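Below are two complexes that have chain A in common, paired first with chain B and then with chain C.
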Partner chain A sequence: MRKRKRKYFRRVTPGLVLLYIVMILLAVFMALPLIYLVVTAFKPLDELLLFPPRFFVKKPTLQNFSSLLGTLDSKVVPFTRYLFNSVVTTVCSVAGTVLVCSMGAYSAQKLHLRGMKAFSRIVVYALMYSAPASQIPIYLIVSKAGMLDNYLSLIIPKFAIPMYFFLYQQFVSQIPDELLDSAKLDGCGTFATFRRIVLPLTKSATSTIIVFSFIANWNDSFGPMIYITSQAKKTLPIVLRSIADGGIARMGAAAAATFLTTAPVILIYVFMQSRVLQTMEYSGIKG
Partner chain B sequence: MNTPGATGRTGTVPGRVPKIRHGFFNTFRKDTAEGYLMAAPFVILFIVFVVVPVIWSLVLSLTSYNIIQPMKFIGLENFKELFTNDDLFIKAVKNTFSYAVVAGPLGFIASFLFAWIINQLKFRNSFALAFYAPSLTSGLAMSVVWLYLFSSDRYGLINDILIQLGFLSEPVQWTKDPKYIMKLIIFISLWTSMGTGFLTNLAGLNNIPKDMYEAGKIDGIRNKFQELWYITLPSVKPQLLFNSIMAMVGALGVFDITVGIAGFPSPDYAAHTMVGHMYDYAFLRFELGYASAISFLLFVLNFGLGRILMKIFSSKDE
Partner chain C sequence: MKIKKSKLTSKENKWGYFFTAPWMLGFLAFFTYPLVYSLILSFSKVKDIVSYSLDFAGWTNYANAFFQDTDFIPLLLDTLKEVLIKTPIVVVFSLFIAILLNRKLKFKGLFRVAFFLPVLLGTGVVMDTITGNIAKTASELAEEAYESMATSEEVISLSGTLVAIFGYRIAYFMSNLLTLTKDIFWMSGIQIIIFLGALQTIPESYYEAAYCDGAMEWEKFWKITLPLVTPTILLNTVFTIIDFSTNAGNKVIKYTLDTTFKDFNLAYGSALGWIYFVISGVIAILAFIILRRFTNYD
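Moving on, here comes the complex of A and B:
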């Protein structure tokens, strides 16, 4: 990728310097609330109650984290349990959606199945359907299926996501038919072709969808709010709210909890960023 | 190799292997069966969790249903009630629109503009991370920070700074005064608007072949803005279409962040949105018929606007 350095702003002009300065200031501005979150999470109580308030922390402490784990321990459900719930439901949803959507997109684009072209057009229209609007019938379906107050209610409905199907489709359609045909001539069946050709060639789409799906599921508060009734099965976003409702005295713990919740998402993204950004870049197969 | 769906089309493509007629039962071989098996999970789940809910919510919207009592068909009563008798719904529609017309287009434009600039800078990935990071957070989780920053008591940093700089003489109740709530929510949601659309744009922009710009120079393109207008924008049209739909759907579906900032219900219903109204009737009062009518209106709205966006950003004729 190094060779592909953009060259438009090659010469250093005052305008260019100004542009960089503005962009850096904007970047800092964008990051400020996150930085504030981090510093608040490490503030001791007396600094939280300081007047006038101060942005940065003077004597960082882990007190908030220990109080978060400690105070919640005294209740019935420990914080780690919520963490576990979030991890399990998110990992299952992500794995399922990647598999279901990639297989669906491949069969719609390349297997010449009767009706699948029309079907994939319907899916594109479904992009316009906002998820919250369909929550009522989904709730009824989930409850009829006996999945209420069960991890499954946070997992199964998250598999067939039109957007991921659509993204996969964009990628799969770029795989030349000749490649798939020659795989077939070499004796690969439908599943083997999918596993050996389609999946590797859509790897960057997969990374992108992993990131998107992880964010969506990890941060989802709507699902656990309506499907999950027992406290022990709730996920992190719900818990954050209840900690934050404790007022200023709990601010440190709330910030610590938010920090713990947000950090994995950011880490996963940083880890995947170059692949996400290169997603559409392996243009070798573009007809 | 010739499967039923391809019949008729493959024959016209030059250079293809000549077609041998197999007959339906011969072509309906293992391949096809496997193909349908492969498609099945998505098709079934999509029908169960997307198609059926749309139809079901239309049916429900014509009924009075509260789970306990049997469903009763009441025709268009729910819609009539919504528009003639439910002031709160009208308020929710107004709030949703006042949010959507600002946050939707602004987010859409900003995510293209910044992707376009960042794509040409050094340290592209670092900039991208800084701009995208806010979208990685959940609105509800970060509301902890926002509430603290915009707090109206003496711990609020924003009020403190504005007072010290002389912009304010006394603290503003950002999250409690109906005058400011919606503005604050729009501001905060712009902060998270460099989301999926931003990434899609970055990738799309990076994928424009270099020679297109060089060819453009030969064809007489003088400056950056001509380049943007004649080369860049047409090249990312598919991405723009996708992003505009996402921005529209997201803006009309606003709810999460309003709960985080203003609570539910919000002071004087200043942040009451359509999805909020639906949520209230569906999951707090269990009047599912009435709530479904709201869902269905939302669906029609999304779909209608989506069609318009598809017309605007269509690249089919190219």
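Moving on, here comes the complex of A and C:
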């Protein structure tokens, strides 16, 4: 008891101070892109154009946001439409991938199907498989399935992601078989077991996957660029890019749009933060 | 009894297949099939883009990539060099940070969030713009400073001062260093978290025993921490290599995508993709084999 107390009143050593200083500096450096992003959104135009650029804002304004609304109102498609597109495709992809990957991982780990163990091992190799080589065939599949210029083209290919399957597998394999057996004895069918036992026990994997999948889909500019042709179905990253390409006159609007596009990602992360970190730590244990 | 059991398993099997079906379908349609198809495509020639018919072309596309294309090989070498240099730095850096974070610190949670932040922005247009801006700024600064020196105008700007103090070469070197640091710091969010997880599984009693035997911090690191995190080092190294080689900012990937979707050179683009895929795979496997020799699994 006494020993523990003494630990609390540890003296401030030079080493400890140094440690804090180093950590704070590093943390600030890591947070720089985010700070820069927020600060830039509130810079008036003359500060945006300043050379050499200044990091912090001197006279913060909301002028960028109003100019964003201005540029977008003059276009045929209103900003809210892009927002709607982004929200719909992202939410559907996230929900789909959570369902598909968790169901797949559960059956691979616990339902003793023939060949499933070997198959799930292949998935691990698929993790490192680089995407560019396969973009053309995916495009061909999407176009043959008649999904071009359709929300589905941004949703369906995003369901079966090896990384998320792998994460779910790590968690499902740690559920004891006895628990599942006792559920069965209590009259739970396979689906009920999945819904009442597997899903609740893999909650932290689910929240991690929600965050990652949300980020990936929300920020995806490749999909809408390739598959979507009509302006009314494009998503936010595309608009962001076209605003950013508008040159100096649109610089303020671009900064504001960047800020608005990033905000949901940050919010989602803040809400799920502790669980995400837990999952990453947990899944790393058994390399 | 036996019959009953097999009935149950067959019923379970039915559900099992129902559960796997969506995953399997997705995986086959959007991962396996494209992979196989792009391999075929890389050995063919697209005769006509509209009717889309393929001709077998042998190794032509690959030969073109190595002997005809003057852009691809330098890009490839550049990217590989980058991966080989940055991977060890990222792994060492993230282990270092994880060890610091594992100490009894106040505001530990806040620090952990801060180190994960770049991961959130990492994939998007946003990060492209920001890193683009900063990199541009750094090199522009150096350039501008060089010019202002050349014309011997007043040295008022920060960059000018920098150059005045350090000279053009060093200012340029510093801006490069900044870019490198930024790349490394912002690529190591996930690695730090994985290391932290491993560090937290090491029992406190090991360190206490070492303390009783009079071990210093330094010795504790070499004799306890490092051997126990070797499996995680292996995992993180392979993860980092993969992360670098599938990263959207990767120049080879950008080049491949441009060849494919801007120039509509489908077959050649697939060949480029496969060359890069195989090479980065070989690097990852080599790293795996080499590191496994130093890894102890309890």
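To be clear about the criterion, the second predicted complex is superposed on the first by the 259 of 287 C-alpha atoms of A that agree within 3 Å, B and C clash if a C-alpha of one lies under 4 Å from a C-alpha of the other, contacts with A are read in each partner's own complex, and residues count from 1 in each chain.
Following the convention adopted for this analysis, a residue touches a chain if its C-beta (ideal position, glycine included) is under 8 Å from a C-beta of that chain, and two chains touch if they have at least 3 such contacts.
Nothing here was measured: the structure is a model prediction, and the numbers come from that model.
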Item checked: Combined model on chain A: chain C and chain B, fit or clash -> clash
Note to self: Quick check for you: in the superposed arrangement, does A:P137 touch first (chain B), second (chain C), both or neither?
What the structure shows: both
Margin query: Looking at A:D181, would you say it contacts chain B, chain C, both, or neither? Reply first, second, both or neither.
Written below: first
Next item on the list: Could you say whether A:R241 touches chain B, chain C, both of them, or neither, answering first, second, both or neither?
Entry: both
Notebook entry, point to check: Thinking of the overlay built on chain A, is A:N219 touched by chain B (first), by chain C (second), by both, or by neither?
Noted result: both
Item checked: Partner chain in contact with A:G189 - chain B first, chain C second, else both or neither -> both
Margin query: After the superposition on A, what does A:V265 contact: first (chain B), second (chain C), both or neither?
Written below: both
Next item on the list: In the overlay, work out which of chain B or chain C sits against more residues of chain A.
Entry: B
Item checked: Which of chain B and chain C A:L62 touches, first, second, both or neither -> neither
Check: Residues on chain A in contact with chain B in one complex and with chain C in the other?
Finding: 19-20, 23, 26-28, 30-31, 33-34, 36-37, 51-53, 99-101, 103-108, 111-113, 116, 123, 126-138, 140-141, 156-157, 159-160, 162, 165, 189-191, 194, 215, 218-222, 226, 237, 240-241, 244, 254, 258, 261-262, 265-266, 269, 273-274, 276-277, 280-281, 283
Check: Which residues of chain B touch chain A in the complex?
Finding: 1, 3-6, 30-32, 34-36, 38-39, 41-43, 45-46, 48-54, 56-57, 60, 114, 117-121, 124-149, 153-157, 160, 164, 191, 194, 196, 199, 202-204, 206-207, 209-210, 224, 238, 242, 245-246, 248-250, 252-253, 255-256, 260, 275, 278-279, 282-283, 288, 291-292, 295-296, 298-299, 302-303, 305-306
Margin query: Help me check something: in the complex, which residues belonging to chain C touch chain A?
Written below: 9, 12-13, 15-17, 19-20, 22-27, 29-31, 33-35, 37-38, 41-42, 97, 100-101, 103, 105, 109-118, 120-121, 123-127, 129-131, 133-134, 137, 140-141, 144, 157-159, 181, 185-186, 189-190, 193-198, 200-201, 231-232, 234-235, 238, 242, 245-246, 248, 253, 256-257, 260-261, 266, 269-270, 272-274, 276-277, 280-281, 284
Next item on the list: Would you pull the chain A residues touching chain C in the complex into a rising list?
Entry: 19-20, 22-23, 26-31, 33-34, 36-37, 51-53, 99-101, 103-108, 111-113, 116, 123, 126-138, 140-141, 156-157, 159-160, 162, 165, 189-191, 194, 215-216, 218-222, 226, 237, 240-241, 244, 254, 258, 261-262, 265-266, 269, 273-274, 276-277, 280-285, 287
Notebook entry, point to check: Along chain A, where are the residues that touch chain B in the complex?
Noted result: 4, 6, 8-9, 19-20, 23, 26-28, 30-31, 33-34, 36-37, 40, 48-49, 51-53, 55, 99-101, 103-108, 111-114, 116-117, 119, 122-123, 125-141, 156-157, 159-160, 162-163, 165-166, 170, 181, 184, 189-191, 194, 208, 212, 215, 218-222, 225-226, 236-237, 240-241, 244, 248, 251, 254-255, 258, 261-262, 265-266, 269-270, 273-274, 276-281, 283
